[in-house]
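Shared between the two complexes below is chain A, which has chain B as its partner in the first and chain C in the second.
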Partner chain A sequence: MSIELSRVSYTYSPGTVFETVALQEINLTIEDGEYLGLMGKTGCGKSTLLQLMVGLMQPSRGQIFVDGKDINGRDYVRAELRRKIGMVFQYPEIQLFETSVEKDVAFGLKHSGLSKAEAADNVRWAIEIVGLDYDKIRSVSPFSLSGGEKRRVAIAGILAAKPKILILDEPIAGLDPKGRDAFLDLTQKLNADGVTIIMVSHNADALSKYASRIIILDSGRLALDSPSKDAFKDLARLETLGVGVSQAREVAHLLSQCGFQTPADIIRYEELQPLLLSIARGGHL
Partner chain B sequence: MKSLPTGIFIPGDSPIHRLDSSIKLLALFITVVTIVLVNSFLGYVIMILFIMMIAMLSGISLPVALNATNKLYWFFIIILLMNTFFYSPEDAWFSFWVFTPSMTGFTYGLTVVLRVFLALVISNILTSTTPPMEITHALEHLISPFSYVGIPTGQIAMILSIAIQFIPTLAEETDTIRKAQMTRGARFDSKKITQKAEAVLPMVIPIFLAAFKRADELSVAMEARGYRGVSGRTKKSSRPLLVGDYGALLIVLLVCLLQIALRLINLTRTY
Partner chain C sequence: MPIIQAKNLSHSYGFEGKHNRSIEDITLGVKKGEWIAILGQNGSGKTTFVKHINALLPVQQGELTVAGYDATNPANIWAIRQKCGMVFQDPNNQFVSSVIEEDLSFGLENYGVPQSEIPGHVKRALEIVGMPGFEMKSTHMLSGGQKQRIAIAGVLAINPDIIVFDEATAMLDPEGRQEVIGTIQRLHAEEGKTIIMISHLVEEAVYADRVVIFQQGRLVAEGTPEVVLSDVALLSCAGLKPPMAVRAYHDLQSAGVHLPTIPLTNKALVEAICQLN
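Take a look at the complex of A and B:
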């Protein structure tokens, strides 16, 4: 289950006055089971990159391989890609349309070739894993739910197909802190079960905590690609790339400016805490 | 996306872009009427040259100016065939069953096609060189005399401009919904008609809900800011008419008069 992009470029409306170069010469390999964070300024090409990976658009140049097969090749079966990759758009609740939660979640399984019983199992699993009570909510209309519940149902509708790769475009924008944490924990749980996670977010705290690798785009080019503990070292560079850093990294940086010896790869609260404690006890300089 | 949507505004700084939008709309109206008046070969040549000249002045490339008619070739062919085969039984070459093909019918069909074609191209040039909001202002301006007989022209223009403003938002939302349902396994790209029909509801329901939600939010926002439907909307920017505006209108009127004159000379011909 790997995704490989080879010299991928994408241009919107080529040959017109609205021509926009969104991506240029992207080379990237994403391995099985990674938790990848994708960052960058608004308009740098993140959404475009994700949509190319799920085959919603075709690259203007370059190739994309999923499990070694060119997904835009002539004899590639699109249904295979749909089964493997799930995509959560920003505000996914917009996709709800069925009369009951259960039916909406089951929508994606129609052409999956699963038996009725298997499909029902998947639906129950998906509704429960997003933290909803299956028996209570299954026959309720999705439109009568609260905003947070709607979003969970929508995400359950994507998880029901049990994708091996989950791609998320700014999924936590507009969630309250509790809902956000619950959602991020869910992605971590899925990742622990072997699902590859590729997530766009502006939330450096979230990505520092959960992602193992960070990729930053700048004007359609790959500007940074490194393990997350190394990704946030060069603060000046990140500033020009329009990417923030986690609070823990920020505090560690302030401490080092005050003369305390702090490693530059502290990005999580858990890593910062021992240091703070030892400083507070006066034992660290 | 390979080509631009038909009639989309293309920013520019050509003489046509700079014309006052009310004058442009009035000129379009006169030009379309003139196109219908034309009934001679010379008249059509003049009209084609005139519209080509406007297209060149506007800086809109020829393919873009012509893309208004891209999807209509079948329509044109059918009109042409219908006229050729049914229009004039009197001087048909021969008659077979219900078909009476004639040269008169063919030329008449050709003129109908040409008129529709020219009207579409010139309208396309207008919408390509005028921001949608300007068009609604121009429309409001032109229909304002009707307010004296009790027609709420201000509100009509407001409704139109809101509708136009929402098109890009709704188009974007439609695109997102289509993509979201596709990644969930909806088969929009399927060739089977049953699967196509099946994919309608997952599109239509979210689109309607999104549109209603937007309309609802907008009406609340308008009310909160004190909108009570009173007319007299102000323009964001308005400039006085310039010599060029009057000149453009004069040219269009002259072309129109010329065509009327040609038609009077040519009364006996009827295509």
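Take a look at the complex of A and C:
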């Protein structure tokens, strides 16, 4: 399930006073089974890039191939894309509209070809896997939920279709700490089962822990593309790109400013902890 | 006298299939100029509680006064809303106009600010949130983080005594978040505003004078960040996690290394470790 972008550019409202160049000359290949983290400051083009990948908008220039097929080509079957790719939007809760949580989660399965029983199974699985109590919440109106609960329902609606590529735009904002961990663990499990994960987040801790590759956009251009353990080394550059680093990376950096030698590829707490210990015990240079 | 005083406040939305109260028996006093952080799991009643402070929800049971006004008296609703501005977690629902200047002016007009003074207020509010010169831009053109900063400008423009931030930083990039936190710090320190801040980021609660924890509609703990955020058992019981520095402190402790105090921030952690050597 590869996604390939070839010289993709996008301009909003071209030829008007509102003309905004959102993406310029993006070349990018995402292979089957990757866990990709997409970062960059507000307005750098992340959401635009995702919307192009799922075919919601067409590039102004360039082409996008999914499994080798041009998704904007004349004879491309759109239904194929919808079956393969699931996208959780940046504000998923605003898309909730059904009268019950269960109906809302089931909505995306209407044209999936699943039998009633299969669909019902998927819906129950999805509601439970996002940490909600199926029996308690199934008939509740989505509008009577808290912010975080709505987000969980919206995510469940996408997961229910069991997509092969899961595209997530800031999915963990608004989730409580346990919900955040549980959701990230779930994406990891899905990824281990072969699902490609593409996740936009400002949360460097989350991406450092879960993503294997990091991409950073800067004013619509691809500014960085590297394995996550190398992506957070150059702090000065990251600062100009408006990208934060994980807490572990920050502590390692602060220690190096105190005169201790610390590797620049420490990005997770598990990697930092032994270093902290050896420094605290005075056995570290 | 506290600027906010809630006594035994309870609320139920009364929907079918939802017998539980969304908040139950909340008692909390907030001093003028205090900065309160509220933490708690999804659905624990944080938003429901703060909507009372802004008179968005009527008091069903219990007592509440805000800036000297009795919130149980419906006649006080508008006075209370003028004293207490609120920034919500969903920026898409906070705009009344698609042009930023019009949007910000609308709130000011509602509160009777003279026309001639409006552009000055708008300009200043946009500067505070780090978006000067955005007056004539369309709100549709903004990405998520930018929208949220405009929403904050809308509240700042009205200049209330109390400002409630309901996960206002949740969608922002590090720069935007820093700007907002910096703005809150300024409003708190220099202008004496009372701040109520709901967040899922425990690192943000560190800046508050007092941290309050909600669990299943109840207020289960309150205290200084030093006390509450270092209490791992309490946090875990409320479904929360301590800051990484606290985790490191305990890991060091169980390995036989004792730091003199429990650090809440990464900086404090590193300073403590450097002083050991």
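Here, the second predicted complex is superposed on the first by the 285 of 285 C-alpha atoms of A that agree within 3 Å, B and C clash if a C-alpha of one lies under 4 Å from a C-alpha of the other, contacts with A are read in each partner's own complex, and residues count from 1 in each chain.
Here, contacts are C-beta pairs under 8 Å (C-beta built on N, C-alpha and C of every residue); 3 or more make two chains touch, one makes a residue touch a chain.
Model, not experiment: these values are computed from the prediction.
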Which of chain B and chain C A:Met87 touches, first, second, both or neither: first
Contacts of A:Phe18 with chain B and chain C, given as first, second, both or neither: both
Which superposed partner A:Gly33 touches (first chain B, second chain C, both, neither): neither
Partner chain(s) touched by A:Ile158 [first = chain B, second = chain C, both, neither]: first
Chain B versus chain C, judged by how many residues of chain A each one touches: C
First (chain B), second (chain C), both or neither touched by A:Gln51: first
Overlap of chain C and chain B interfaces on chain A (superposed complexes): 12, 18, 94
For the chain A and chain C complex, residues of the former touching the latter: 12, 18, 20, 40-43, 47, 90-91, 93-94, 136, 139-141, 144-149, 152, 170, 173-181, 202, 204, 242-244, 247-248, 250-251, 254-255, 258, 269, 272-273, 276-277, 279-282
Chain B partner contacts - residues on chain A that touch it in the complex: 12-14, 16-18, 51, 54, 56, 78-79, 82, 85-87, 89, 92, 94-97, 107-112, 143, 157-158, 161
Interfacial residue positions of chain C with respect to chain A in the complex: 13, 15, 17-18, 40-43, 47, 89-90, 92-93, 138, 141-146, 167, 170-177, 200, 202-203, 239-241, 244-245, 247-248, 251-252, 255, 257, 259, 266-267, 269-270, 273-274, 276-277
Chain A-facing residues of chain B, complex: 1-4, 10-11, 64, 173, 176-177, 179-187, 189, 201-202, 205-206, 209-210
